[in-house]
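Chain lettering (A, B, C and D) follows the sequence in which the chains are written, and residue indices restart at 1 in each chain.
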Amino acid sequence: MQTTLPRALAAECVGTLLLLAAVVGSGIMGERLAGGNLAVALLANTLATGAALIALILTFGPVSGAHLNPAVTIADASQGGIGWSRAAGYVVAQVIGAIAGVMVAHLMFDEPLLMSSTHARSGVSQAFSEFVATFGLVVVIWSVSRRRATVVPFAVAAYITAAYWFTASTSFANPAVTVARAFTDTFAGIRPSDVPAFIAAQVAGAMVATIFCRWLVPSLPADAGDLVVPHGQAR
Amino acid sequence: MQTTLPRALAAECVGTLLLLAAVVGSGIMGERLAGGNLAVALLANTLATGAALIALILTFGPVSGAHLNPAVTIADASQGGIGWSRAAGYVVAQVIGAIAGVMVAHLMFDEPLLMSSTHARSGVSQAFSEFVATFGLVVVIWSVSRRRATVVPFAVAAYITAAYWFTASTSFANPAVTVARAFTDTFAGIRPSDVPAFIAAQVAGAMVATIFCRWLVPSLPADAGDLVVPHGQAR
Amino acid sequence: MQTTLPRALAAECVGTLLLLAAVVGSGIMGERLAGGNLAVALLANTLATGAALIALILTFGPVSGAHLNPAVTIADASQGGIGWSRAAGYVVAQVIGAIAGVMVAHLMFDEPLLMSSTHARSGVSQAFSEFVATFGLVVVIWSVSRRRATVVPFAVAAYITAAYWFTASTSFANPAVTVARAFTDTFAGIRPSDVPAFIAAQVAGAMVATIFCRWLVPSLPADAGDLVVPHGQAR
Amino acid sequence: MQTTLPRALAAECVGTLLLLAAVVGSGIMGERLAGGNLAVALLANTLATGAALIALILTFGPVSGAHLNPAVTIADASQGGIGWSRAAGYVVAQVIGAIAGVMVAHLMFDEPLLMSSTHARSGVSQAFSEFVATFGLVVVIWSVSRRRATVVPFAVAAYITAAYWFTASTSFANPAVTVARAFTDTFAGIRPSDVPAFIAAQVAGAMVATIFCRWLVPSLPADAGDLVVPHGQAR
């Protein structure tokens, strides 16, 4: 079954919108209710993000693959799984959707439509955390999507649930998410000046993961059929 | 396998009863034990609601579809998946079951059988939250039930788990649930005067989601075979 | 594949042992670490119990069916799914395993081997809670095991996760568990004098659930093939 | 499909690295954010570890089996499922990966690269806890991998999630994990002098579990095809 490009782009845009609404919205709710206990706020943020990923990848996967993440789209394009011009469209749709998702969260919680974050996330250890976070995410996606694609939504959600806690940066692991979170001065925000290092580390992590997976299982096709979830596409 | 109408209505009624017992009961338990930390109370409420949805949709899905939600039933009827007279029966069964579920929760926790809630949930951002919550829920249901029906119980539970935290209204997303929660003056309650705006926003969200899904995947049949879960039905 | 009776009884005994170790042990750990916040302690207890049920039903299901619960065994026997003499063996194995599990938990946590609980759980609303809890559990088991047996471990775990929070009694829903928990004076305990009312309510809930499910889906065979999980058995 | 030995060793090494990064990193994050509530810190640690296990076993299982645990490798070798020389390679890869994972966690969280833990975990009840924890883990792995291998990642993750709470030692249940955690003086650490008793108890638990499972289901082949997850191997 073929999906037209407009529909695939709509799926990436709306899927990333709902993902960001979930990330930012649950951060606001968690912080408001947690009475100052940041661990409880992050538990809520983690639970909401992981659960949203299960639902969104199951929902939009069959239409666009449910990348919802430029790092994944670029990794896929580097192996020929998606053409570069289509990949560019995906990235634009993801970034637009991500920023729109932040606006939706702000509207729901009576915050200004867009803000400039003051949440500092700088330093080598933060960037290294993003490298590790995205390396792990892309290894999970490449491996599981080429072997057992039906469980990818659960594998990705489980990985991010863990990485929210085991990386010092709470695992953004997604350039579109990173850009959008610069526009919220709430729990999930990131200071705009810290965004470039995050994105560079994320792309590096995705590339190293792709090279590693090409070596680890050479007998598999270079692309994963379709990343993240099998879907019809007009290449 | 055909299910008779009385059995389908019983499934919708008992399923919605147990859903409301879970929502209201876990809210009471959470608030009583959480020592004033509302985030911890909502984590418990979320965990119980999401887990209950998995169990209840798996249990009643094969009998009635496990709509348990008038917004879903109306969306299904709008696409011809269920006849309008049968849909009316479903909605009545859901509302009766929902109110009975509140009574069961109150009996278990030594509360008055029915109360009038004083929990204010008003304003544009609350209604917008319900629009977003129900839009997302119905997109998940339409998409997943037409593509991979066996995982619908997990997709719906995951979505609601996330939406409890990422919407400012804690995602009622269900008119029967909304009506019933007006009868409890506990953690999960809603002031009766706030009910109409919630329901209007929910129905609007469900309708926009249905139109969006019709466009997103036109090659699929208008109805999803059976919503939420495949089941025998005497149309 | 046939399982001999000694092996089935060993599976019921060791499975129930590990279940009680999980219930009682996680209760002790939760209470010790939670600093007086009972909701946090119960969240830990719930997470451990639900997760243990997934693992144990997957593990012992193919050997004995993983009833791990006299109420389930009696419900199964009432429909001819298991002979009454075999059922009696199951119940004895479950009770022995349950008490042994409490002892294992006490040894791990440096508590006396067995204690007499002083945790009061009395009154009509507690008994009604147990009726509701066991009714729901047995409806889930009958329905899901006759329709989609591979997901029973997840359905049962999800249901108990919810019921820990939505019933006022924290959902024992299991006579062997109830008897064994009378032997621990920790978080999970129950005063011996409160045990009979719990067990009576549990058996009543299981019976009403069985009658309801016989009516709800009459076209299905009376027994569920095998409860809770398909397994070879020498009837 | 055959996996070469270097690739299998790489999978064991990188998989165990990411597992330890998850265990140690989430412990640090949990303790830093929890404001002194150890139960909340352990909930975060548990959630991250369980979720990481799902993702990592799904990812590396098809390459090496995703043992990630010398106790599992030794149990497998004892039944002929893996040759002893290959098993030795697995164990070395696991230990190297585990220590590297601790270093990665420390780098992310700005801690010294390696430390000597001062976290006392001594006494008979701690060792008994490790015996119980590993016995349960290996029973789960043997049983589920021989009957329904596709759900092993979920069964193992569920078991460890429960065992973190129901054992007094928080269930290390893994000699490579135990050695590596001696190198971190954070939440997850263990004093080096307490390591030998943990490892002895873990190996004993694995052996008793293996003997029990051989008796419980004799009709099954001695090995589980492949532990933990089916994978190509050059024996």
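Heads up, the rule we're going with is that a contact is a pair of C-beta atoms (placed from the backbone, for glycine too) under 8 Å apart; a residue touches a chain by one contact, two chains touch by 3 or more.
This one's a predicted model, so the numbers in the text were calculated from it and none came from an experiment.
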{"item": "Cα superposition angle of chain B on its copy chain C, in degrees to the nearest 5", "value": "90"}
{"item": "Residue-number overlap at the chain A/chain D interface, same or different (half cut)", "value": "different"}
{"item": "Taking each chain's C-alpha mean as its centre, the one farthest from chain C", "value": "A"}
{"item": "Geometric centre distance via CA averages, chain B-chain A, whole Å", "value": "28"}
{"item": "Gap in Å, rounded to a whole number, between the CA centres of chain C and chain A", "value": "40"}
{"item": "Per-residue multi-chain contacts in chain C, two or more chains", "value": "37, 40, 43, 157"}
{"item": "Pairs of chains satisfying the touch condition", "value": "A-B, A-D, B-C, C-D"}
{"item": "Contact footprint of chain C on chain B as seen in their complex", "value": "1, 3, 7, 10-11, 14, 18, 21-26, 29-30, 33-35, 37, 40-41, 43-45, 47-49, 51-52, 54-55, 58-60, 62-63, 104-105, 107-110, 150, 157"}
{"item": "Residues of chain C defined as touching chain B within the complex", "value": "36-40, 42-43, 46, 50, 123, 125, 128-129, 132, 136, 139-140, 143-144, 147-148, 151, 154-159, 161-169, 212, 215-217, 219"}
